[in-house]
Amino acid sequence: MKVKLLFAVILLLLLSSLSFAQDDSAEIDTSAVVEELVLPAPPGNLSGVDKPNDHGHSIDLSWELSPDDGGGLNTVLQYDIYHWVPNLMLELNLVRDSISVIQKIIRKTTNGIIEGSQADSMKKVFEKLSRSELFDVRNSLTEYVKKGNKGLAEACKSYPEGGAWLFLDKKPSGTSTFDHIGSKEFKSSGFVPDFANLYYRVDAVTADGAKASSNILGPIQSSGQWYNTFRTPVVFSVLLFTLLTVFFVQKARKGADLYVRPLGGIEAVDDAIGRATEMGRPILYVLGLGSAADIATIASFTILGRVAKKVAEYQTELLVPTYDPIVMTVAQEVVKSAYLDAGRPDAYKEDTVHFVTQSQFAYVAAVNGIMLRELPATNIYMGKFFAESLILAETGALAGSIQISGTDEIAQIPFFIVACDYTLIGEELYAASAYLGKEPVLLGSLKAQDYAKAAIIVLAVIGVILAQFDFGTEFVNLFEVVN
Amino acid sequence: MKRLVPLIITFVVGTVLILSVFIPPMEGLGENFTLFFDIIAVFAFFLGGGNLVRVHFQKMSRKSDDWEFSIVTLVGFFVMLAAGLFKIGNPGDIASSVTADGSLFQAIYRSVFVPLSSTMYALLAFFVASASYRAFRAKNREATLLLVAAFIILLGSTPFGTMLTSWVPESWSIFQIPNLAVWLMSSPNLAGQRAIIIGIGLGVVSISLRLILGLERTYLGDDNA
Amino acid sequence: MKKTSMVVFATIASLFLLSWIVKGMFSEGSSPYLDGFLVTLAAFLTLAIMSFLYKDNPYYKFAEHLFVGVSAAYAMCLGFWSTIVGNLIPRLSSTVSDFFQVNYIEGDYNIFFVIPIIFGILLLMRLSPKAGWLSRWPLAFIVGTTAGLNFVRYLRSDFINQINSTIIPLLIDWNGFGDFFSNMNFSATGQLVMMFSNLVIFVGVVCGIIYFYFSKEHTGWFGRASKVGIWILMITFGASFGYTVMGRISLLVGRITFLFKDWLEIIS
Amino acid sequence: MLSPLMAITVQDIGITVSLVFILLGLAWLAWRSFSGKEVDRRIIFLFIFFSVAMPVIFKISFKFKATPIVNALYEKIESLPNNSTVLISYDFDPAMAPEVQPMADALSRHCLSRDIKIVYMCLFPTGQGQLEQTFSTVVRNEFPEKQDGIDFVNLGYKAGGEGVLNVIVTDFEKMFPTDVNSVPYSEIPIFDNIKSCKNLDLIISIGGGRPGIKEWVLFVGDPGNIPMAAGVAAVVAPQLYPYYPNQILGLLGGVKGAAEYENRLRDSDPKFADMPTPATTMMGPQTLAHIVVMSFIIIGNILFFRNRKRGEIS
């Protein structure tokens, strides 16, 4: 009961101070300008549209520069943009201010409290309240704002009565557009209601403070759109790519023979396994630091499957130290089934794939240790690699192993190329897994990617030819996604 | 159940986020989903911490190799955690920034975390040098191209390169080493990088599509785990 | 412990103890011995990591293990304060918000913010051997979000926008052949070089993509184009290598500066 | 008048001695390699250590002219009107700090001195620790008159990487209900007219990993059509060239980019004459180390070709 009373008192206090607020806004009016000042010519022809292709709550304004901006008297310093708001909005802003004063008292921070007599009086009232009362008042006020905001659109209809011009923003001279991007949240002070009558005005301001107002724009309404037409090129490519992928995956599933060219690095893997067998030394397979959802790691699993199968056939030893626990379980599965495929499930050892640690350099130190102790005949690095790539490849070279690598981490490719014998560059890693796995899903999506690449080549060639002529720009603009 | 629910979640979330790009009213929903994602990402940090504690306690109880060092990890972990969560030594109260100057958290950050992580990466300087002595060879035409490009960039990033070719006249200035280095970066390098990012970009697009459509399920692990 | 390693340990310990005392005696500030300790600790850890270059050793292992623990806790604390306290709690409960002194955020859909909590807790289930499979749900959410976000963004920025950027004029300031030949020079900003650059970019991108085209055998003109592609790629990697050397050396300079300036105070 | 001999300082002697030392070392290395003896990797490590340490001690430094891609960012900041708002994101950890912290400091200095407001945030948890360093060395130290919340604001770190970016491109407050000191968004004057990244005049990401500048371009720069620039560690700089100039208007790559920016800034206005230039200082050791690395490559390759020739004969 007591809280309700308090709430009423505070609200009354706030509403009474609203008359001050209106007085404040009256000051802004151009009629108050002192006579000695030379008025600039006003900006002309203020017009506005609902901001296209957005979720609403925003208006794009544009005007013609004042003749005294960049010419004439050349006195215009800036443009002040105003919008008309109903009293309800001013009231709600005040309530919001008082909520924030309460918050600050609750937070025991005095820094940044709104200046001025009004805030002081609020502060005085609030500081007398107990903590729990403060919370209650705050919650009631918040509820009040929430309810009040819903009536804003209705209140806007009263223009020009029952409201005031509110300063929005200033723009430097030479600017002739302003996008009033309102908030879509009821609770935010920048809230702009959709389908409400909005009014705008732009003032040209000189360095002395003389102001000249443009015509008043309004009523104008903001609204949301259902579809962002600016992004049509993206929609097209999303649809095309999806269709291409689904089409080729289906085709591959039906057993169509989709050609993938052989890759040097993959041929080298087979040779390297043979070499390891001859030398009687193990093969080290490093899956990198990626997670099981990383495309490079997924590609690496397929290659690991192939390597494990060959290893099982040749009866060589395989070592797979892993960095990520999920990657480890998947890798175990892959290796186990590869041994099964090769008809040697008995040769599979549980610790072939083992977890090391999930710390980058500790992992490197451990793998380096394996390299120098076991002296593997071949080291295969496939997956996501970061700064550790060079340390691994360097140590491997020191141990005299043949090294085959592949990663899509661009920054690390040079180190692999320099220190390894074969390197799958970027996308080649993905292609390698499709080539080896012959899985319809992988083959199909590789095909779709190839078609997309072909499209780039064709479009770029046409575009470059057209770009030599003036009418080519229209073609280029097709690929320009604004906003 | 173990597979179907995750596949549905992935499909729904992925589709909503794609649609929210084109359909403005869905923007808010997309924002909320991403906010959920960010919050879950923090739980992933907690999972990382929990995992760390579990692994190192196991190591200690099993007395496996180097188990003594697990104590170091755990002490470091808990001290830092306490310093951060209780804001020990922070000026101001609970609302102050966790990294505020003067806090124990920031002190440990500066004198333990910073030297450790930056020295880890500084080690790479040594390995780069060693690799350039040992492995950087003009084995074939491709390797030679790589080597020459690297050499020009190395020269170009030192005043030495400027000195070496300052006699080249203005009308031939592209052959001055610094200009040549800039040109290498902004022409052939740009072309090569673009070719790679288009390829990898398409790879990412393709795997995203496969994940959303449920064609790619590796990340779920095996059924028994 | 062996006798030699005991001696090494004693020497190192006493040297750093000495450093702490000396630093504490000569440094100014409100708490000289604390500052001295912190700088000495940082120096010790720096040198401990560097000792890895000689060989793997207990000091390195100590530093390394400390790093693992501290970095995990660092990320947890930041995540807790910034996201859990900053974004989650204000949307859940005004009482808890008040405890942490953050503003409660009023919203009609706040109830849905229990979803990330449930998923977060399910994610932690991974720590339990029996309910571990439940962590696949939040994992699916994470994967779905990244896939959904990446799908459109990569298509737009790394595909459509890259086509747009590759369509460049090959003729620049073209006023006929006469003008071209009479003004021809090899200046870095000259017409010839600019035109050549654009040609290299265009041909380089096209040939580079051809190298990554897997559906056709690389023979004939296609093979030659792909050969040009790999040359361009090699120059690219060379440039990257050169740049990386610079980056790595900078880090070393940073550490050495710390040792000489902040710790030993040889330089000012 | 001092005789020329007197003008020789300890520094000059130091530089000469270190150059001689490095030259002798290289000669020894070449001789040892050519006589077919294995050189231990640790000797090479030691060598690199000295060639970096000596110029650090004796402070060899050089001046640099800004390349167009660096200048583009400088000019962009110069062209921004007063009271513009720039966002600087600290997307790096201490390991990259020697390269990129000087950029972050120089950019902050440049913006604040031109009365441009700065919104600081980070996508790396460690970025918040690094931000604190800029605050203590540049913001609070050199610009004591600038006020928190009015001239700059520190939003701190949020987890999620691209998830964070995807929200702030359309709604700032949703992601950052408060700044790092728990001051609510609505009470921060800078944000009066800023609802999303689209209201910013420029976004600069300082980084070198993931999430970093690439994510900024993909999730904020491109979708919101917002001018972007970047300062990055040298390792990733080459990868960002495809986005220049359409998607990134300027790029500082590695410590050289930072040094170029510092020099450009210092030459532009006498008030910057005394500013600290850590990146420029670092270019001295850089240069020597580069020369050593290049010598390694040359020695290695001469060795390689000699051995190959021998292999062919035998």
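First chain written, first letter: the chains are A, B, C and D, and each begins at residue 1.
As a convention for this text, a residue touches a chain if its C-beta (ideal position, glycine included) is under 8 Å from a C-beta of that chain, and two chains touch if they have at least 3 such contacts.
Quick caveat: nothing in here was measured; it's all calculated off a predicted structure.
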item: Chain D and chain B - chains in contact with each; value: A, C
item: Far-end chain from chain D, centres as C-alpha averages; value: A
item: Selected pair, greater C-beta contact count between A-D and B-C; value: B-C
item: Chain centre separation (chain B, chain C; CA means) in Å; value: 4
item: Euclidean distance of C-alpha centroids - chain A vs chain D, Å; value: 24
item: Rounded Å distance between chain A and chain C, as computed from the means of their C-alpha atoms; value: 17
item: Multi-chain contact sites of chain A, meaning residues that touch two or more partners; value: 103, 107-109, 184-185, 234, 238, 241, 293, 357, 361, 398, 410-411, 414-415, 417-418, 425-427, 446, 452-453, 456, 481
item: Sequence positions of chain D contacting 2 or more other chains; value: 41, 45, 48-49, 52, 95-98, 126, 128, 156, 158-160, 163, 166, 171, 175, 182, 184, 222-223, 235, 238-239, 242, 254, 256, 286, 289-290, 293
item: Interface hub residues of chain C, defined as touching at least two other chains; value: 52-53, 64-65, 67-68, 74-75, 78-79, 83, 87, 100-103, 105, 139, 142-143, 145-146, 149-152, 154-159, 161-162, 164-166, 202, 205, 209, 212, 233-234, 236-241, 243-246, 248-249, 251-252, 254-255
item: Category of the chain touch graph - line, ring, star, complete, other; value: complete
item: Residues of chain D touching chain B in the complex; value: 39, 41, 44-45, 47-49, 52, 62, 64-65, 67-69, 93-98, 126, 128-129, 131-132, 135-136, 154, 156, 158-161, 163-164, 166-167, 170-171, 174-175, 180-182, 223, 238-239, 241-242, 244, 254, 256, 283, 286-287, 289-294, 296-297, 299-301, 304-305
item: Of all residues in chain D, those that touch chain A in their complex; value: 41, 81, 149, 171, 173, 182-184, 186-187, 193, 195-196, 198-199, 222-225, 235-236, 239
item: Touch list for chain C against partner chain D, complex; value: 53-54, 74-75, 78-79, 82-83, 86-87, 90, 100-103, 105, 145-146, 149-150, 153-154, 156-158, 161-162, 164-165, 236, 239-240, 243-257, 260, 266-267
item: Contact footprint of chain B on chain A as seen in their complex; value: 53-56, 107-109, 184, 224-228, 231, 234-235, 238, 241-242, 245-246, 249, 291-293, 295, 298, 301, 325-326, 329-330, 332-333, 357-358, 360-361, 387, 390-391, 393-394, 397-398, 408, 410, 414-415, 417-419, 425-427, 430, 441, 445-446, 448-449, 452-453, 456
item: Of chain A, residues touching chain D in the complex; value: 96, 100, 103-104, 107, 109, 112, 168-169, 172, 181-185, 188-190, 398, 410-411, 481-483
